[in-house]
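Down below are the structures I want you to see.
Below, chain A partners chain B and then partners chain C, in two separate complexes.
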Partner chain A sequence: MSRTVRPVVTGLGVVAPTGNDVAEHWEATCAGKGSLGVISRFDPSGYPSRVAGEVSGFDAARHVPSRLLRETDPMTHYAFVAAEQALADSGIDLDALADLDTAVITANSSGGVEFGQRELQKLYAEGPHAVGAYMSIAWFYAATTGQLSIRHGMRGPCGVMVAEQAGGLDVLAQTRRVLAGGTRFVLGGGTDASLSPYGLVCQLSTGLLADGDQPDRAYLPFDAAAHGYVPGEGGGMFTLEDLTVARVRGAARIYGEVAGYAATTDPRPGSDREPGLRRAIRLALDDARVRADEVDVVFADGAGIAAADRQEAEAITAVFGARGVPVTVPKTMTGRLYAGGAALDVVTALLTIRDGVVPPTVNITDPAGYGRDLDLVRDRARELPVRTALVLARGYGGFNAAAVLTAVR
Partner chain B sequence: MSVRRVVMTGIGVVAPGDPGRESFWDLVSHGKTATRTISLFDPSPFRSRIGAECVFDPERAGLSHQEIRRTDRAGQFALAATREALADAGIEPAAGDPGRVGVSVGNGVGNAISMEQEYRVVSDDGARWLVDPGYAMPHLYKYVMSSSLATEVAWAAGAEGPSTVISTGCCAGIDSVGYGYHLVQEGSADVVLAGAADAPIYPITVSCFDTLRASSTSNDDPETACRPFDRRRNGLVLGEGSAMFVLEDYEHAVRRGARIYCEIVGYAARANGFHMTGLQEDGREMGEAIVAAMAQARLNPEDLDYVNAHGSGTKQNDRHETAAYKRSLGAHAYELPVSSIKSMVGHSLGAIGSIEIAASALAIDRNLVPPTANYSEPDPQCDLDYVPVTARELPVDTVLSVGSGFGGFQSAIVLSSLRDTARGADRRRAAA
Partner chain C sequence: MSELTIDQLKQIMLLCSGVDDGVDLSGDITDQQFRELGYDSLAVLEMASQLQREYKLEIPDEAIEELNSPGDVLRYVNGKLAVA
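After this line comes the complex of A and B, so read on.
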């Protein structure tokens, strides 16, 4: 029943701290223009961590009917707009396809926390009668996929992947399965919006957020001064179809192919077994039938926590050798977007392949010992022909995912 | 790459009533209901005050104190069900290659109870928008992220292969098993702990269903409140729980001499692209999922012995679903026993799809179809054989189980013992 497919990306969309469309995002990202700042959405002065990557200058009402905005959380607003961009970019005529041949697959990490906090406040401050009718459809993890499916009439096998930061790559694998099952067109990606006070307090409980309010000293993956990460919001959306199908319909652009993917789970805490990242990288390369020396750039997860950075640096070095491949963490400009993080990295990696420009990792001044084993693209973008990019994503609790993206000749 | 066959070799259940697979089967095969007045909190301010609760003590279920501290009620259900499934399958994944063992957990509303309890504390019962981090407990982040369910199951099973949470609302419990099925089928794992967990019986979820007027208001008769397909049905009853399965590559199972409950032979998910909570009367969307799953299974409607229904007990769903069976299964829809165990265990959102798959697999195992409890008055628009009140003994080899949920999601899965068991071989011989 299933057949071999070559999933290619034919359209991109972005709503992120770095920009509210692909061009804005790419320009800022190549310029190394960080978008981290002190939280403006609410008064963060009572919280130890006050820096975040916020989406700014975003006006959903220009794109989405106000009724729909009322029913949904910001995580879905970002997805509405990024999805519209990706669909337009792909040039797809959805009316020309059977609705059951199209599907939506998104990643989500913690649901619509701002919407949820507001309704919880109504419940406890005013009573059960005050809870709004839309809580039941706005907050849950499936809200974005459901709304996109309805908005665009995409009725095939839809999905919702939840693996914190790794979920954005799991979307690629699920898309490949769905395409192999006969679906012709998939709208995929991930967006999150975790920046409400309750959302922030939940994240603070891990002890992994960088404290303070200095945007350029907060999130420093692979740096000796790494002391946590910065949360962000937004994400990326993309359209995927089989290469042959895309060519036959005359897709205007083919950004690249999802050539390989693998996911692993770390051993339980306290185990002396090796963490799963190296294995995920190896399996993804095998899956893509790509040798390590064919990889031109690695988009690292960049946790910004010494122990996790060391693990990641060791895994990359074990596969590629010391300083064996350029490594970058554009997340240093946006913060970690949870379900949107890996999805945005996929978009950025495809643009890197298109333009032969590797965006930089910003704010790193003093790489840690293990960081010095990496050829970290620092400060400014590096021009480099890129045919093959490896994107890594690690989710809280031990999820590891790796995806290999390649140029299509 | 040849497509591998995927079989179920272990079942663990924590369902409303007493925990454990056999307690669950005892309840549903006897037509007993676990729907009662909610005891998890004071339900008096709510429109619907009924829930199907698990009688669950995490310590008695064998959870460690650390596990209990760091998990929500949903996670505790998942851990107990995982351990029962592993014991049932007689497998210790970690003893083999942990990298070949995956995890797929379905969930609808996250770790809802903990999320709400902790919200109350840090917000001082809704008094502060700028909630106070000083009162947050250390595992709060795990509570707001449903992905912690997958890591907990992975740690308990010693799984180091691909793991994820699938969160397609009320279809999640079918889709997660479908995902595990794909992982084994495509060779990404040899063994997958697949299933689902949810524990939504708490004020915010109850408020949501109150607002939608989707839950039953038979507050004076909680034990018979959920009446799927009955003319007097007046809504769903919230439930909670978990079912987890050991799914395994067929060859792997045979090599280790495992007992095989059934094979997963078809799975499909579709969306209605129509409305977040509404369904079309003609049953189109669910019908399409059923047709796709049956096509994948290469089965005809006549090959089905039993349909384990979604049957939530809302006016809208049961009508839609009945129409869907007629559209997708034709005249055979009238011949098939169709029953909804939600009449007994309620609707546990993301978990129920897996709990219903457990009932389906046990129906095959025991040749017994659980009934639709509380059914007495036919609805002219729901005119199939709903197996009223009493379980029915009959040879059950192939079962269709379906789900429908917010977001417009529809899922269908087909389980069959025909190709795998000695009994299947006997029946084939008898038929020939």
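After this line comes the complex of A and C, so read on.
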């Protein structure tokens, strides 16, 4: 990969259970204010898993014309608004750039399931003629990238990364590639929204969701009582450009640099080969030319499933030593947002670098044996100067990704 | 079925596809191009599909391609309704 570009983040946007803008999200996250609750979007009483992290108080119509809302799913509505925030934050004047010099790269994992459910219901209740034409463009993974590209006239090398949770970090790698190819400005990130009955049923099929309806006992990564994860919706968006380009245009803020990245895949189930996460961490640190002892905090994936938690704790411990680095899982406040999860962690990690505050992991009361090898930042935020943050993401199906974010001197 | 009026068509456009920023459907839009009003080919397809259901019509794809303005739609639909 080209070393000639230094991708830096110059604008941030958030629509998530913790808040519908960056300030709201960051305040709630630092305060350890969890946003998990019993699903309110529909009656969940007939389903075994009833806790989720829902976006609330969100009014897309205030920001987006009805013309666009009608043809898009909530996953795209969240992205419209978070993208607008990130673009405004970056101070970019898109009119001053050729549209082919700008690109949109988002992660997506669930597709537009709420929209899809509505149209499928029309199909089996009324027949094929009742299915709306917008079904053809609303549900699929690239819908959000396409809509953002059209809305903002960003027509360069756009793309969509599909690797469940890992996709949010894969966006950073794809961004680095297109910046190295000469693209000047990238709108990146990821959102998902799968909290409809159909969406929930699709997720239940993995057997990995936490049962029950107790928001503070449902999603407990690295805890002895870990028994699954809680789904959430929303995500984060950010703007990326090469450091020199950002400086020349006089970008108001440089939140941090994407200094390193790596992705690996796990061996097939049942194999006795080592899972891929440790190698992803090693490769990302090497790529960033950062030593393990220079990493100030790790944003863990925090699957909330004992076997996966153990793998992750072992990988972190293998690289950093027992209790060798502060580790946190702010996802415990939002649930796992699928493609939006790692994208939101990137935003949160950059705010951690900005403010020197590591947000906490909440609801953990009894760390498992492997969890005790981690210096888990629990319950309350920890003030700590942070120059280098490592963000980990593991996607269903064996995807591992690791990204190293550093303060820009 | 009584004939399709411009106001009914506007309602269908709003219901199916909403309205873009800076577009005013309340004026005389009969002879404006759909594209200028912010409605792309998919929006016209969606509108045609709704008209077919509401007015029990069949509008073949080739005919939909020729519907470039609200006026085109009124003429086409009301022509069909008159024959029926």
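Just so we're on the same page, the second predicted complex is superposed on the first by the 406 of 409 C-alpha atoms of A that agree within 3 Å, B and C clash if a C-alpha of one lies under 4 Å from a C-alpha of the other, contacts with A are read in each partner's own complex, and residues count from 1 in each chain.
Heads up, the rule we're going with is that a residue touches a chain if its C-beta (ideal position, glycine included) is under 8 Å from a C-beta of that chain, and two chains touch if they have at least 3 such contacts.
As the structure is a prediction and not an experimental result, all values here were calculated from the model.
Look at A:Arg268: by the touch rule set out above, it reaches chain B but stays clear of chain C.
Shared-chain residue A:Gly156: touches chain B; no touch with chain C. By the document's definition of touching, neither partner reaches A:Gly356: not chain B, not chain C. In the superposed pair of complexes, A:Ala133 makes contact with chain B and with chain C alike. With both structures placed on the common chain, the touch criterion links A:Gly324 to neither chain B nor chain C.
In the superposition on chain A, the chain among chain B and chain C reaching more residues of chain A is B.
Put simply, chain A uses residues 71, 132-133, 136-137 to touch chain B in one complex and chain C in the other. Residues of chain A that touch chain B in their complex: 1-2, 42-43, 46-48, 71, 99-100, 103-104, 108-111, 113, 116-117, 119-128, 131-133, 135-137, 139-143, 145-147, 149-150, 152-164, 166-167, 170, 174, 177, 197-199, 201-206, 262-269, 273, 276, 279, 395-399. On chain C, the positions that touch chain A within their shared complex are 14, 16-21, 23, 38-39, 42-43, 45-46, 49, 52-53.
Remark: chain A residues 65-71, 129-130, 132-134, 136-137 touch chain C in the complex. Residues 3, 45-46, 98-99, 103, 107-110, 115-116, 118-120, 122-123, 125-127, 129-133, 136-148, 150-151, 154-155, 158-169, 172, 175, 179, 182, 186, 188, 203-204, 206-212, 268-277, 285, 288, 296, 405-409 of chain B touch chain A in their complex.
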